[in-house]
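Notes follow the structure.
Each chain gets a letter, A, B, C and D, in the order it is written, and its residues are counted from 1.
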Amino acid sequence: MSIIDWFAKKEKNISSAERLNIPGDVWVKCTSCSEILFQKDLDSHCKVCSKCGFHFRISPAERIRYIFDHESFVEYDSNVGPVDFLGFFDTESYSDRIRKAQQKFDRNDAIVSGVGSIGSVPVNASIMDFFYMGGSMGSVVGEKITRTIERSIDDLKPVVVFTSSGGARMQEGIMSLMQMAKTSAALERLAEKRVPYISVLCDPTTGGTSASFAILGDVNIAEPGALISFAGPRVIEQTIRQKLPKGFQRAEFLLKHGMVDMVVDRRQLRETLQTLLQALNPHGVLAK
Amino acid sequence: MKLLPFEKPLAELYDKIEQLRKLSEEGNIDLSGEILKIEQRAEKLRLEIYKNLNPSQIVQIARHPNRPDSGSLIRLIFDTFIELHGDRLFADDPAIVGGVGTLGAARVVIVGHQKGHDTKENIFRNFGMPNPDGYRKALRLMQMAERFRMPIITFIDTPGAYPGLEAEERGQAEAIARNLREMAGFSVPIISFVIGEGGSGGALGIGVANKLYMLENAVYSVISPEGCASILFRDAKKADVAANAMKITAPEIVKLGVADGIIPEPLGGGHHDWKAVAFEIERAITSDLDIFKSKAESEIKQQRYDKFRKMGVFVS
Amino acid sequence: MSIIDWFAKKEKNISSAERLNIPGDVWVKCTSCSEILFQKDLDSHCKVCSKCGFHFRISPAERIRYIFDHESFVEYDSNVGPVDFLGFFDTESYSDRIRKAQQKFDRNDAIVSGVGSIGSVPVNASIMDFFYMGGSMGSVVGEKITRTIERSIDDLKPVVVFTSSGGARMQEGIMSLMQMAKTSAALERLAEKRVPYISVLCDPTTGGTSASFAILGDVNIAEPGALISFAGPRVIEQTIRQKLPKGFQRAEFLLKHGMVDMVVDRRQLRETLQTLLQALNPHGVLAK
Amino acid sequence: MKLLPFEKPLAELYDKIEQLRKLSEEGNIDLSGEILKIEQRAEKLRLEIYKNLNPSQIVQIARHPNRPDSGSLIRLIFDTFIELHGDRLFADDPAIVGGVGTLGAARVVIVGHQKGHDTKENIFRNFGMPNPDGYRKALRLMQMAERFRMPIITFIDTPGAYPGLEAEERGQAEAIARNLREMAGFSVPIISFVIGEGGSGGALGIGVANKLYMLENAVYSVISPEGCASILFRDAKKADVAANAMKITAPEIVKLGVADGIIPEPLGGGHHDWKAVAFEIERAITSDLDIFKSKAESEIKQQRYDKFRKMGVFVS
């Protein structure tokens, strides 16, 4: 649905940061305030603009580096890959799209799962990747999220999921819709086991992803400015035939409307997660 | 009754028959031979048309203004029905109907999307597009079903959840997601019927069922053909191509393992005979309830979980 | 709280129907449309105006006659009576108020409890009486509601409560507030036993009564036009300093706002209850 | 610090002492004898005033603008605290704060009414008067506590639930009632503190606890003294009489069996020393959590039920 935005913006800048015309790629311009930032500084600030606080979209690798304890993250299920089982062809075949994306990202699909620790708290985690086909949720994303949850149903570690997704992957038709039910059902089982689940909603989290595991955290944390919506802004504007107010469907808006618990700066996220997980987890160290 | 575009040739033949009949009567001429011939041709054409419907034609039937609606089907199917209202939080959403009913000795909770048959009704029902309040009403009723051990029957018929400003404010995503999770946890059986349009998360929001049936001319899709066309095909007019590509018809949904069976409709579509549709649905409900009656609660829950757990196609 | 309305109106007409100046008391004027109604006709229409549908406030005895199967109702707990344990004195002592009300109504307090059947469906029931000290909830009302619920926890019959109350009985101080918790706690236990509870909200149901058992029905049925509110209209007008819209806090308003399931004409109530109870009750005849 | 009306005589003595000190310094005269005498008189008066407070004076202390608020006490009491927001339905109500925290090895969920200390804060916090969204936020957090087996600590401090138009629309009565029922069903212990004003159903909405404590100068009542006066006494100015008649002070609430104990405050009221108040509350929490730790879930639930079940005074 609101994957529409990803497609619309595709030709423009969806890369993590606008590269400047300086050899060596050491300088980057902030998308929000146009400040020229030193690439290395930006990285040491978790890709948050030190001037305006703008949160750049980041890759799973970067997120792992910023959030998880050094070298604690071990990937799982990297072998799970997509299939063009409908023989879907729009302007291009789904098979080709998959092949190209896999080549570009050297990864099977728009998600990385694994086990790691955050401030010494062990968790099972999944991290979505908006750069990979708009973070769209097909069978692979659904399966890998579900397996992450199932690992926690077994080992009782908390689950942390970082979402970033335009919604369902239309090229997998109804099967992509079913991933919403599959992942949500797994979360029901997780809750029965009294294992905490924290959802970190990153820019953007829309469509079917928002209406399933992304919003179902025991605690929902949003990154500042993240677009979080079921229907995309464009669709709504078409429906109600008027401009949407500024800030509509952004993290801070959702906080005000009671949908997320916190809007947390990425630079404080690690610490927040650690404190939260320790307080919540009935199977953790504090509880023993 | 509104004629669908692909029914035009058939309509022309019927018109001709009507004209001949009139002529025959007024002029007192015997045209029965000619009439019979055209009638035979019409019958042949009719069978041909409806046996070879393409996905976008089926979409048209699924959206026919006279397609049987949830409320009417409920009243045709169940012996008693009392409609209940409200989410106990904010509003009563007319785009979702629900209540308690009986069918023989079975006590059930029924929930469905509700479309209208004319403009006024459709505006009141918001064209069957629920706000979060609708999903929360559904959830409240289903939770009551769980409490009182009543099987849940749902009727799916929506273009999608309403993409409105206030719907987003009140948490459309949250409302749908919560239903998905909660429905997965119920230990009473859930039987769902896609009776018309099964549009996206708005459909699934009352569709996490133990058994899912498609009406013969119902469709179920992750996004409307129009939406898919305008995004992926960059041309909203390619809806028919998108409808085809997404595999949204009853046989395809069954083949993908998402639906468990097809409920037959009268030739030409359910709008020609609501009672016939109701009768077939009733049969499916009765038969399934009979099966579920002998199952343990844990078994019912497990079966539903397994059903959704295995959905997805991937390599590994 | 919103018992304020009862006190304000006390001097005016709060009797079930305005008596006309005709000997024999056979004619009654409709409070709403001023139609002159034959007393006996009115009674045969469950005290609903045959012209405008206005629902007169009725006594527990009348309600039992209109709703329950003939002679099926057996009263319980009639001996439970109020005590002036705070020695409360406002313009009059609570003791005196109790004594006068008991004399006038020949009943201990503002509620009748018992067991009966509605269309052959056996239920445990309580019926509040607004005429008795504004139907205010003190220890006795709370205790009798709780006992009714407890009987159902034991015998698994559905519970039906007809509410009509201005709120908490201030003369019992904090103890009247605690009745909200006591009755609601009993309902939690009832739900655990999977026994249905139907609340019939009659005019008026306000204050502490509305914010406890009255609104907690598995099904909430309201009588047409009934005032149902937590804060009374007058208090709200003082707070927001503007007139309230017409119909605010009336049964139909609550239906629209999702708080009650149905607004049912008293003349159809018996049948509705019967059908509902049969469908809901997992311990009933249909379920066997 | 705002002086309460009944503190005026004391203030006058303090003023006099201050004047004498100044005089003594400026004039270089020895007035220490006089000063000491007045100081002794002041001390005697102070003890007298605060030992014989009448209910309406206690109400003034309970409402003192510098009275320690929930948010501040939470941060003083707990080792870690993370505030969580929102009811996941409609809004985040600033009149209720809540979140998860730790106290030693204990993991807890904390919920409280939140007042402000100045006009701006009070407007933002709606003077501690929650909308339905506030009660629903509280419920969501408490349900999370139940899921993760975390004891619940609540701080009660509200004039009452907000009597607003939209609050009624969104079901103030429903929100409070649901909390009463749900809190009765939890199997984790609930410990509540009336830290200031315990106003009516709006207070009880987070107060169905296993253990309820009154701060020494807190009040708990079915209706505000002003409300009671204007209804029963037909004169809003008789609030002091009403405050007396309703038995709303800590010792009276304990005597009636509604509260289980009194948390001592520094002389003159908690607003003179927040840390001292926090310390006393922390002690009560720690001690109670220790006791509850050894109790079975069913026992905890039963104890809470029994506590409320026996509330009421009647003959039979």
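What we mean here is this: a contact is a pair of C-beta atoms (placed from the backbone, for glycine too) under 8 Å apart; a residue touches a chain by one contact, two chains touch by 3 or more.
This one's a predicted model, so the numbers in the text were calculated from it and none came from an experiment.
Within the contact network of the assembly, the step distance from chain A to chain C comes to 2.
Remark: chain C and chain D have CA centroids separated by 33 Å (rounded to whole angstrom). One finds 54 Å separating the Cα centroids of chain B and chain D.
Averaged C-alpha coordinates put the centre of chain B at 42 Å from the centre of chain C.
Of all residues in chain B, those that touch two or more other chains are 88-90, 170-171, 174, 178.
For chain C, the set of residues touching two or more other chains reads 191, 257-259. Each chain pair that touches appears in this list: A-B, A-D, B-C, B-D, C-D.
Residue ranges of chain B in contact with chain C, taken from their complex: 80, 82-92, 100-102, 105, 107, 133, 137, 144, 147-150. Every residue of chain A that touches chain D in the complex is listed here, in rising order: 191, 194, 196, 218-219, 255-262, 272, 275-276, 278-282, 286-287. Contact residues of chain A toward chain B in the complex are 1, 3-4, 7, 77, 79-83, 85-86, 88-91, 138-140, 142-143, 146, 168, 170-182, 184-189, 191-192, 207-208, 210-216, 228-232, 235-236, 239-240, 244, 248-249, 257-259. Those residues of chain D lying in contact with chain B across their complex are 88-90, 136, 170-171, 174, 178.
Across the interface of their complex, chain A is touched by residues 160-165, 167-174, 176-178, 180-182, 184-185, 200-201, 204-205, 207-208, 220-223, 227-228, 230-234, 242, 245-248, 253, 256, 258, 304-305, 308-309, 311-316 of chain B.
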